Amino acid sequence: MSTITELLTELFLMPLIAFMVGLAMVLMLRKIGARLQRRVGPPLLQPIFDIVKLYGKDTQVSHGLIHDIGLVMAVGGYVAAEIFLPVPGMDGIADKGGIITLSYVMMVPSLGLALGVGQCANPNGSIGISRALTAMLAYDIPFIIVVFGVAAHYQSTSLVGMIEYQQAHQWGIFEMPLLAAAGLFALQGMMGKQPFEIYVAPAEIATGPMVEMSGKYMGGLFVMQTFQLYTAGVLYTSLFLGGGSNWFEFLLKIFVVVAIPMSVAFVFPRYRTEDMVRIMWKWPVMAALIGIAFVL
Amino acid sequence: MSKIGNIPVNAQAGKKRTNPLAGVFDELVQFCQSRSMFMLHYCTGCGAIELPPAMTSRFDMERLGIQPMVTPRQADILLVTGYVSVKTLKRVILTYEQMQSPKYVIGICSCTVNGGMYWQSYATAKVLNEYLPVDVYIAGCMPRPEAVIEGMRRLMRNIEEGKGHAWKDYFQRYDYYLGNQQHLFGDDWQTPTDIIGEARHYGLETEQTYGEHTRILEQHQQPLEPHKMRIKF
Amino acid sequence: MRPENYQLVALPNSDEYELFIGPNHPGIEGNYAFKLKLDGDRVISGKADAGYLHRGFEKLMEGRLWIQNLAIVPRICVPDPVPMEVVYSLTVEDIEKMEVPLRGQWIRVMQLELSRIASHLFTFGGHAATTGMYTPSYWGVADRDLALDLFEELTGGRVYHIYNIPGGVRRDIPNGFLDRLSDYLDYLETRQNDYDNLLFTNQVFVKRARNVGVINQEQALEWGVTGPNLRATGLAFDVRRDDPYLIYNELDFEIPTQTAGDCLARILVRRDELFQSVRILRQIIKHLPSVKGPVRAPIPNPLAWNVSMGESYCRVESSKGELAYYTVSDGGPKPYRVHVRGASSMHAVQVLENMAVGQRIEDIAQIMFSLDACPPEVDR
Amino acid sequence: MNCEEINLWLDTLLAEIEEIEVTRKSERRVRVDVPASSLPALLELLKGKASYVHLSAISCVDWPDDEEFELVYHCWSYEAKSLLSAHTRIPRNSAQEFAHYVSVYDIYKPAAFFERDIYEMYGIYFESSPYMEKFILTEWNGPPPMRKDFDAEQYVNDTFNWADYHPQWLQELEEDGGGIAVRPEDIRL
Amino acid sequence: MKKIKYEDIGSILNPLKNLQFFARKPVTEPLGPRPAAEIYRGFHLNDMEKCIGCSTCQKICDNAAITMVKVPHLKNDPVNGIRNLRPAIDYGRCCWCALCVDICPVGAIELSREYVHTCNGDEVDSYFMLPQEKGMHGTVEEKGWTKTETNDLLDRHRQKMGEMAPEERVDNFDEIVDGFTPEQAVLEASRCVQCGMCHDSCPTHMHAPEYIRAIWKGNVEEAVEWMYETNPFSHVCGRVCTHRCETACSLNQTGLPQGSEPIAIRWLKRYAMDAVPHERIKEIAASKKSATRTGKKIAIIGAGPAGLTAAFDLIKQGHEVQVFEALAKAGGMTRYGIPYYRLPDDILERDVDVILSMGVKIQYNTRIGKDIAMEQLHKDYDAVILAIGLQSGRSTRIPGSDHKDVHSAVELLRKIGSVRDDIKAEKDPGFEIPRSAVVIGGGNVAMDIGRSLARYQKQQYGEVNMTITAIDAMENFPADDVEIKESLEEGITIIPSRGPQEVMLENGRVKGLRTWKVISVFDDDGRFAPQYDESDEQLFEAEMVIEAIGQMAETDLLGEELTEQLEWQRGRIKVTEDGATSVDWLWSAGDCVNGPDVVHAVADGHRVAESINEALSVER
């Protein structure tokens, strides 16, 4: 009985932890921005205020069933991803799914968003989502190569296994620096931060996919963002920084990992779509391929 | 899910609340609403020039949880920053109607109160609260960022105390507002949002929701057909 | 009747569609709209839609006394209001054949240049934001705000100074003002490196801005482009030097130019111009204390001031380009006609429409901001 | 071409175009009065032969007493550094909806903007101008507002309401026999 | 300045240098309003005591944001230039341009450094407020934008009026001032802020703002039309009026560093009257005449300003008017009291001519009580107006004042005036000109006689030897400042604060006037009770002493019976406000009931005419 209960508890706790940590990451994102922009920034509970407020809106405009399903997919995809990401003391089903499943699950939110936004019939949203899919294509190539490289290096597709290996030997970042660098690039794209922010682009297409989202749908996106930041941070930590043996180390690592793209985001503008694709397919892919060559 | 006009809507409003914790929950929501205000990024008039300072490093509105949003759907506050020309007023009304309740209007500058320095102008609307219910006014021509922030804080206090309900007035006295709008824009004025339907939906309709002006509207109203659109990827 | 901007339009049987940027859109500067006909994300044609900020200034001015108009002219271009006051005063002085005392002229030039700095700082932020970098706009606006503090100290108003009056300026400079101005200029120069690193030499920004919205000198002349936008095409023309007003011919400054005529060239011209303004202000700080005398020539009782019959066309170089007023007096207490030639009236409409063709949708906002178009100048 | 040459050239222009009157107001300002029929020819010459390539603005002035509109074309020469204002007068045609004149768009491209502006504000139709349509006043149904016979103040009073104030202090004053004595609209100068 | 070339592309790491801002402090200001700049243009302040309610701020306000509100508990005294109107600001209009501050004639309205005002949507009333010393929320301590010499928009100084130099004018009776040129007049008129204080303070309520504006517009005929609404003696008033309007004028301010002179309303009136041809003035006056005849007959005794004004009004209303004048010409005191250099006869003649052209009949050299009895008038006419003026001077009654060389000023002036009738000789007034003289009194009459005699002295003896002494201190002299200034310029000695004690006689001739220094003129209750410093005695040597300390009426023409019927008050006939006496057919107007001043007389004339017209219409 204990294993099942434990597993269920873990499956419940892991997304919850992800959400809490994600909220802190959102706060960190905004605080980093504020600091670089020479200002104070939001109060500590701001991410919670925002989400509660959005869910508490009286009017909730939906654009049909597909719209709703799209959003559920977006949030659900990440929630599902959380249980594949091991945290100290909890592995969830990470050892069962492995990194390949995770990669697929992580595509679900983007597709879900595309589905939902397509229903809004807002040209800005459509442009945004078309850019988002292109962006996904752009960062997924290096990402997949990195994942394969890492998997090849560790001879395992299980994140749990990789973490154990790293904790026993050496962090992945030291063994595969090129792949780690490529991974950082892909991470920047995955988090949708400048210079790879083209699909949000408030100045051009009014936040693109989010343009018709409101109330709890917007709240859903905010929740999704918390999961997204968390997922990116944990994944990278697990692949290259040896996960965490305890919570303090783990949290420190993921926050540091997430802080890097966040800081970079505030001092760069965004690339155009084609530039982004070109850059993404050039440097990270090249680095990753060379990295693989070393690994193999 | 129900429909208002042809826009489907999910809403809990109007439902009977039986939960004993509903009061606490409402207060929590109000508290969060007052501390998280998304502001619509719409520069209607010259007062908009003092918003960038108020938003950016020097006066940093984000300290109060206020941040700019780019679409009306996501916004809670509509800042009418100064005079609204008749042409803009139409868009302001459309924008306002697209915003999601609870929503708040802040009238900045003299011009929103009594025409301001453009009182002789044939092109600007004079008294904003004839066309939209206004929650808070901020005096100045234009008000300094500090004054804007003070206005925001007043709105925050109002929301926290549960006083900011001007948006309900728009549903409750729709006929009055519609009448003024028709007087300015002509009888064939209509917006894509079905306000009466929404009022009914929220249970906010009163006798003053209907009147001669809504009857005129019914005569002219055409259903809004969403246009098919394709985008080449 | 619905305003068209809120309908989504697909053109029948084609992949073309229309997109409205504005009037409520973060990519538009002010309350302005730009209709795009798109094929994919390439612009087939663009059409400006103005009038959202129309207040009928020219009509308003015909209904007010000469001096009352001072309060409304700065409203025509909000980010850069001082040239509006100055050029209006210049026309009145020209018609009345009034001489502005030297000290008044120096103070006016001081304001004009400070206003140019404030306006350019604002534009940098706006331009950077359209490319997705928000930090410069936070910095720029905050640094501009320090200039506004100086304005507040000098004129009593942060944004609308209403400080120039036909005949000079309303008050003398406060004690110690020049020291504080000098401190501000020092501060700006220390910030130069930060801005250069963040914006002007930022590889990604340069990549975004280069070869976007190109207009060559020939086209620029044909379409009546003026100001920094013209200088970015290589023509070193500046009203301050070539059609001098006030005391500009006593000042030593350069006219920065670029030849590429694209967004990058335009923002670089503005950057250089900002530091030229710093240079001019340094000269003013040095000279102003030695220019003694009144700051304003006496004017008749403003309630009963009949400006003598005549007409005048005066131009100044505002931060946006050539700004001109055509003022006609029929010898009455109110202007008979004031025509405002807004500096952006070309840039925001015809030039933008022409430039937009063939551009990508992600560059439209950038082009508009790089032209530094100010919609209220178009609408008046 | 420098200033003196321009002046010389302007003198020869006197011979070329009929009824032209040149006034030199200052070193860089020249005023030219031409009959409406000769204006396009003058502008053609100015741009083609005299380096006045920049049309700074077209201003319109309404002279209802003379039943005329005055059009002023401000041209600038980057080479001679001189601004030439060409004044011409066209009949106002009060009875008809529009006064008519010819466009100079084919000479100066910026003219399109100003001509459209004048078309909207004064109701002057410029033949063969590319954009003879509403631009700023797309949602305005009244007469061309800049004409002198359009009384904006009257229109505003007919169309709009004003805020109605009853503050506490005013009520108290009214109880004491005071109150509003002179409203601003009563004493407009 | 570091140059950036177009081709430069910085390192991709360049932007990352800005991560140093993690270590820098934010520039954000603390929440809450910062103190504003020293001259910030915030909400209005108004010094309620200083404000005179002139509503100039309302006129300059380009946004029509200022409403004048009547505040009943404040002082309302237009004669001294104060009204109880105060500006209330509509912040739904105001644009904080501070033009109201710059134009305020007194510097009462100012802007504070307070700039925060917010209100809920239903509290818009708070946008309309009456500024006070403490500002909008009663919390203001510091002023922001205030008035200084530099930003004062008003033209504080008068146009220089051309006038003869003292040495040119002192030996003749030519008019001293030139009058405005048209350019000067327009400029002077343009200084007016149209507050209307002048209208309110003028005894006859002349439409000064309107005619000043008309002059400014260059339309003198319109100006004259406005003048004839209220004053048929505009020529006279344009020269010799005591111009209370200029005292009340908003621009007549003391205590401003830049100084402030009132509008020269009197000279503007003179300018407009001189600029319009006489025939045209007649037409303007006649155009107001009623076409109907009432058939009522009115007799007026005395062809002075009061009598003729009443005559003018009554004839306009269609009555028949007969004027009786004891002397040979019309004009009363304006002819026989005011010297030629201030009011030339031909100017007065024009005013009289306009009135005559309306159909007024004057019977000259007819003294009522001698040539015609009052009773007779009562029988023949429906109403009688007594407008006899003040013909005789008061005496100091000091020892020696009954000597033949002690004269009253009015009497001498009348002699001088009469002589001029036939312009046989300006040089001979018909009495012997003293080589030296002393005038007792500090009013305009004293100045008139002093200056007139000084002119004769200059003509006959080549030098002026004239002393004017009065009991008042110099600043309290009743005479106009201009008069005093001009007197001094003409070489007259003015010695204030001297109380005359005795006319010194020697050998039957006047030797001089003995005076004491005055310590105070009025006692604590404000009654006339001069205190002297007897130790400070001074003797003014003079051949002639002239008393100019006041005038009184000679009422013996009334006859005993009527005198008894009438009610009297302190030696004057008691009249109601409208000038009606206690006898129902008799009215009284002018100096004899209401102070010695042309414009008051004119006002009185109007009042009486109005009253008679009403009484007669009731009868009808």
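Labels for the chains are A, B, C, D and E, by order of writing; each one numbers its residues from 1.
Everything that follows uses one rule, which is that contacts are C-beta pairs under 8 Å (C-beta built on N, C-alpha and C of every residue); 3 or more make two chains touch, one makes a residue touch a chain.
Remember, it's a predicted structure, so these values are computed and weren't measured experimentally.
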Going by the touch criterion stated earlier, list every chain that contacts chain B and also contacts chain E. A, C, D
Just tell me the minimum hop count from chain A to chain D, counting one hop per pair of touching chains. 2
Taking contacts as defined above, which has more of them, B-D or A-B? A-B
Please list the single chain whose C-alpha centre lies closest to the global protein C-alpha centre. C
As a test of understanding: of all chains, whose mean C-alpha position lies farthest from that of chain B? E
Which chain has its C-alpha centroid farthest away from the centroid of chain A? E
Between chain C and chain E, what distance separates the C-alpha centroids? Give it in angstrom. 53
Mind checking the centre-to-centre distance between chain A and chain E? Centres are C-alpha means, answer in whole Å. 88
Per the C-alpha means, the centres of chain B and chain C lie apart by a whole-Å value of 32
Can you compute the centre-to-centre distance for chain D and chain E, using the mean CA position of each chain? Integer Å is fine. 48
By the touch definition above, chain E meets two or more other chains at residues 15, 18, 26-28, 36, 59, 62-65, 90, 92, 95-96, 124, 127, 194
If I count partner chains per residue in chain B, which residues reach a count of at least 2? 56-58, 60, 63, 70, 87, 90, 113-115, 117, 119-123, 141, 144, 185-186, 226-227, 229, 231, 233
Do you know which chain D residues sit against two or more other chains? 137-139, 145, 150, 152-153, 163, 189
Which two-chain combinations qualify as touching? A-B, A-C, A-E, B-C, B-D, B-E, C-D, C-E, D-E
As the complex stands, chain E meets chain A at residues 15-16, 18-19, 21-22, 24, 26-28
Contact footprint of chain D on chain C as seen in their complex: 3, 48-51, 54, 56, 58-60, 62-63, 65, 221-224, 226, 235, 237, 242-243, 303, 311, 313, 315, 322, 324, 326, 328, 333, 336-337, 339, 341, 345-346, 349-350, 378-379
Using the touch definition up top, name the residues of chain A that touch chain B in the complex. 30, 34, 37-43, 45-46, 48-50, 52-53, 56-64, 121, 123, 126-127, 130, 202, 206-207, 210-215, 218
Inside the complex, what are the residues of chain B that reach chain A? 1, 7-13, 28-29, 32-33, 35-36, 56-58, 60, 62-63, 65, 67, 70-71, 73-74, 76, 100-102, 198, 202, 226-227, 229, 231, 233
Taking the complex as given, what residues does chain E use to touch chain D? 55, 58-59, 61, 64-73, 84-85, 88, 90, 92, 124-130, 194
